[in-house]
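Note that the chains are named A, B, C and D in the order they appear, and that numbering of residues resets to 1 at the start of each chain.
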Amino acid sequence: MLAQSAYGKSKVRLVKVSRRGDRHDLKDLTVNIRFEGDYDESFTAGDNRDVLPTDTMKNTVYALAATHAIAEPETFGVVLATHFLDRNRRLGRVRVDLSEHPWSRIILGDRESGKAFERAGAETRTATVQSDRERQHVGAGVKRLVILKSAGSAFAGFLRDEYTTLAETHDRLLATSLTAMWRYAHHDLDFGPTWRAVRRTLVETFAEHDSQSVQHTLYAMAQAVLDCVDAVTDIRLVMPNRHHLPIDLSPFGLVNQNEIFVATTEPYGLIQATLRR
Amino acid sequence: MLAQSAYGKSKVRLVKVSRRGDRHDLKDLTVNIRFEGDYDESFTAGDNRDVLPTDTMKNTVYALAATHAIAEPETFGVVLATHFLDRNRRLGRVRVDLSEHPWSRIILGDRESGKAFERAGAETRTATVQSDRERQHVGAGVKRLVILKSAGSAFAGFLRDEYTTLAETHDRLLATSLTAMWRYAHHDLDFGPTWRAVRRTLVETFAEHDSQSVQHTLYAMAQAVLDCVDAVTDIRLVMPNRHHLPIDLSPFGLVNQNEIFVATTEPYGLIQATLRR
Amino acid sequence: MLAQSAYGKSKVRLVKVSRRGDRHDLKDLTVNIRFEGDYDESFTAGDNRDVLPTDTMKNTVYALAATHAIAEPETFGVVLATHFLDRNRRLGRVRVDLSEHPWSRIILGDRESGKAFERAGAETRTATVQSDRERQHVGAGVKRLVILKSAGSAFAGFLRDEYTTLAETHDRLLATSLTAMWRYAHHDLDFGPTWRAVRRTLVETFAEHDSQSVQHTLYAMAQAVLDCVDAVTDIRLVMPNRHHLPIDLSPFGLVNQNEIFVATTEPYGLIQATLRR
Amino acid sequence: MLAQSAYGKSKVRLVKVSRRGDRHDLKDLTVNIRFEGDYDESFTAGDNRDVLPTDTMKNTVYALAATHAIAEPETFGVVLATHFLDRNRRLGRVRVDLSEHPWSRIILGDRESGKAFERAGAETRTATVQSDRERQHVGAGVKRLVILKSAGSAFAGFLRDEYTTLAETHDRLLATSLTAMWRYAHHDLDFGPTWRAVRRTLVETFAEHDSQSVQHTLYAMAQAVLDCVDAVTDIRLVMPNRHHLPIDLSPFGLVNQNEIFVATTEPYGLIQATLRR
């Protein structure tokens, strides 16, 4: 009757400052932990004997952050997942999701500050570790990466029915807030450089692609990652189409030379796909 | 290589006013449409020949809302799903998600206004229709149903490890923002009364349950729905634990007699399960 | 050089459960405290000698909530304001803003639960106390009161220039998310019934008014409050125009009989006024 | 009786692409317009004869964006304010608020893309123009500039009362999401370089200041702007204290060497001041 269940802690906010003399390093993470396993009795009978409190999961994040490096979220996710599996015999499968909030150093004239930072955007780097007693999957990703191109984007030749009013366009603005998630074939990786290579490939392909649709560009971006970064086994992209609609200036006696747009938030097209080797 | 793909339109905002003399009816929906099917060429080659624009999906929502009743979101979802499957030969599977935003009539002295309304909460009633060429699944749900009980909630007897600091409690506040989704065995239902029966069962069970944990109460709520509403085949509940922590007043020479709490938003426990007959 | 300054604590979340046998009362408040006074040295010289920490303000909210009734937010605001003025000689003026989040009792068959509650909407009741050494102003208000009327709303006969494209309408949907703030002439009031009288007057006037514009209805609503509730000395209303635009169905061979609308969030008209006796 | 009134349009979203061969420039603005003037009849009598629709305000933004440069938001604000004052004889005072959403060019290997962009943070550059028949005030600002320093921040020697539990600290994390607004003495400025000079001064002073409190640093930052940028006549800063609280690791047998913190969102201290020459 209990077909599926899970429990865990979400939105554990962790900031770690590593002090190396005059140069501090700042890591800012949000961590989610999810347990699945042989916990049916806790649901059906209120028997908590094998239930590790979600409050303890939170404490564990802070304690292990003090005793381990957290520079790469993937690595810290592996530490957490392994810890929980080792200690909880009823735990069948643990998932650790980490989001890293980016900070850059404040510039002081011609040098970087060692101890002061500014937030470098709403974009987050993500990492996911999923482990059971047999396997451990490590993945990474990006959320809220907002990108726009003002050339090289068309949408034409599409199916029309009696409810179709959309004009064909061969030169539209294309914008999205990209979510990408990918998985790695193995764990002995330099996670930081690999993450940056994937991100760079995604962004460069978006910029350079001769786009016939969001679908078309999404596929090109995912394929480029599989082509360029060997360690990636599969990748999923989710791309909302942040429509930028040209304003009709003709009532004012003006011609809109593809220059003036309204950025809209809803409704939006939503395109998603997973590519696997 | 293209392991999965989908495209569609999200957040189509639809308000319909049905005018019957001095009494208007108001329906306020947000509709999401998602297509899956034989659209690989649009991704791999930018071939849009079989791609119905998401803009057309939006237009279709408005056109069919004008020609059909939308009183029950489930029924309107079936109309939309059937329409899209009938017209799009490449479409293998369509999903329509609808959220209804509640309005109640403004009270004027001792009568209800026929034409003026106030928003009745942040909670939404949801409906989901998933159709392929063989089957059609109709489901319903509720989102952001915020409930709290100030008695009958314990959390004790749990597993402890070296990172456990949580105190046992036999009388805590229990609060959640409930998301529930359930599916129906068939479609010839009075969707409105059935939805209200499920909602009432969820809320009453939450209120009356002698809770040993969120897990325990979640299970009781889901089980009560399966027990009381025959048409439901399975139900999924997601319950974030909106922690209300007692304030330590002892530094001020006061005793907190389980009266004064801080409501917190993060971190939060997150409990979820699916029950099936 | 320091032309104005203030400091304080915002978003102190307070939940109080008053247990009277089987019937609990639940109050859920967010409290903001703001100090203004002779604190220039703390800004100019970093001299904290007379600075009460904002953390102490927060503690004070919880401690006084334990020792005082908080049933009416206005009364609790007066308690807090008076406390801070009495204890802080440099404090010239204190402002306490309180938002009450509404809960209603869960219905169990034909009776109300004594100990279980559901959130009754996104609307909040607000109260504001502003005190200096001479005077104390007590006010109240409402935020996020979302109301809509489907008849009795026109907008026509307006000024036109070369950039005007808006069609005149004699029957449009009118919707807003009302923010209202009003002040009382004195403090020996039954704050709860008075608040409800003001709210009822606002909502009823909105429903019944023959509206020529948002401005017109806003004024009628504010004037009705001054007419009906003696204790109110002045009232400010802020009304965003939540545009509901009729969909053009003519491309689909359909006529929109003022029935089908899209609810938009931006851009929005914003109308505001203060009426004083 | 009508003590104050205003009306206008908010959240007009404007994106302009200026195409200069292979290099496009992208400006992304949100514009708010507010009218105050002799519009009492529209409120009291529903007389719209002199009411320019807010829809026309929106159209005007797009039309003037097509015919004027919008590279500096201050300049475009002056264009809009002047236009509205010239055309609307009842308009006494107009306020135009502009927020610029930052984009940077996507990097392609060793060069910048001419036509593809990524969003450069959640921070916005703001500009405000307020004009009446006699004067025009031009100001600028920044919103959501999130900054943090991991050294050089103390809070000690403060006032204590019976509700004070806060520990003194001589080495805490200090973080804020800065809102700053300043006004210029005249309009024949290079608005872009001046804005960047103010922003740089704010951020550098935050980084280098030996902080005794948020108040202390806020004042130093504002004073530095008045010292370094002649064109600024007054400046207002609003600094929420985004508390980063050290985690107590002692229950786990660990010492927190000022390394592990939880970032909290509420409650928060809120400090604000205006400095004038």
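Please note the rule applied: contacts are C-beta pairs under 8 Å (C-beta built on N, C-alpha and C of every residue); 3 or more make two chains touch, one makes a residue touch a chain.
All of these numbers come straight from a predicted model, not from anything done at the bench.
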| item | value |
| --- | --- |
| Which of C-D and A-D has more C-beta pairs touching across its chains | C-D |
| Chain A-chain C separation of Cα centroids, rounded to whole Å | 37 |
| Where chain C and chain D are represented by their mean Cα positions, the distance between them in whole Å | 25 |
| Gap in Å, rounded to a whole number, between the CA centres of chain D and chain A | 28 |
| Residue list for chain B, restricted to those that touch at least two other chains | 13, 59, 63, 163, 165, 251-252, 266 |
| Pairwise touch network: line, ring, star, complete, or other | complete |
| Interfacial residue positions of chain C with respect to chain A in the complex | 162-163, 165, 251-253, 265-266 |
| Touching residues on chain C, where the partner in the complex is chain D | 1-13, 32, 34, 39, 42-56, 58-60, 63, 87-88, 155-161, 163-166, 211-216, 218-219, 223, 226, 234, 236, 240-241, 265-277 |
| Partner chain D, residues of chain A touching it in the complex | 13-19, 24, 26, 28, 59, 62-63, 65-67, 103, 106, 108-109, 113, 115-123, 145-152, 173, 203-204, 206-208, 244, 247, 249, 251-252, 254, 256-264 |
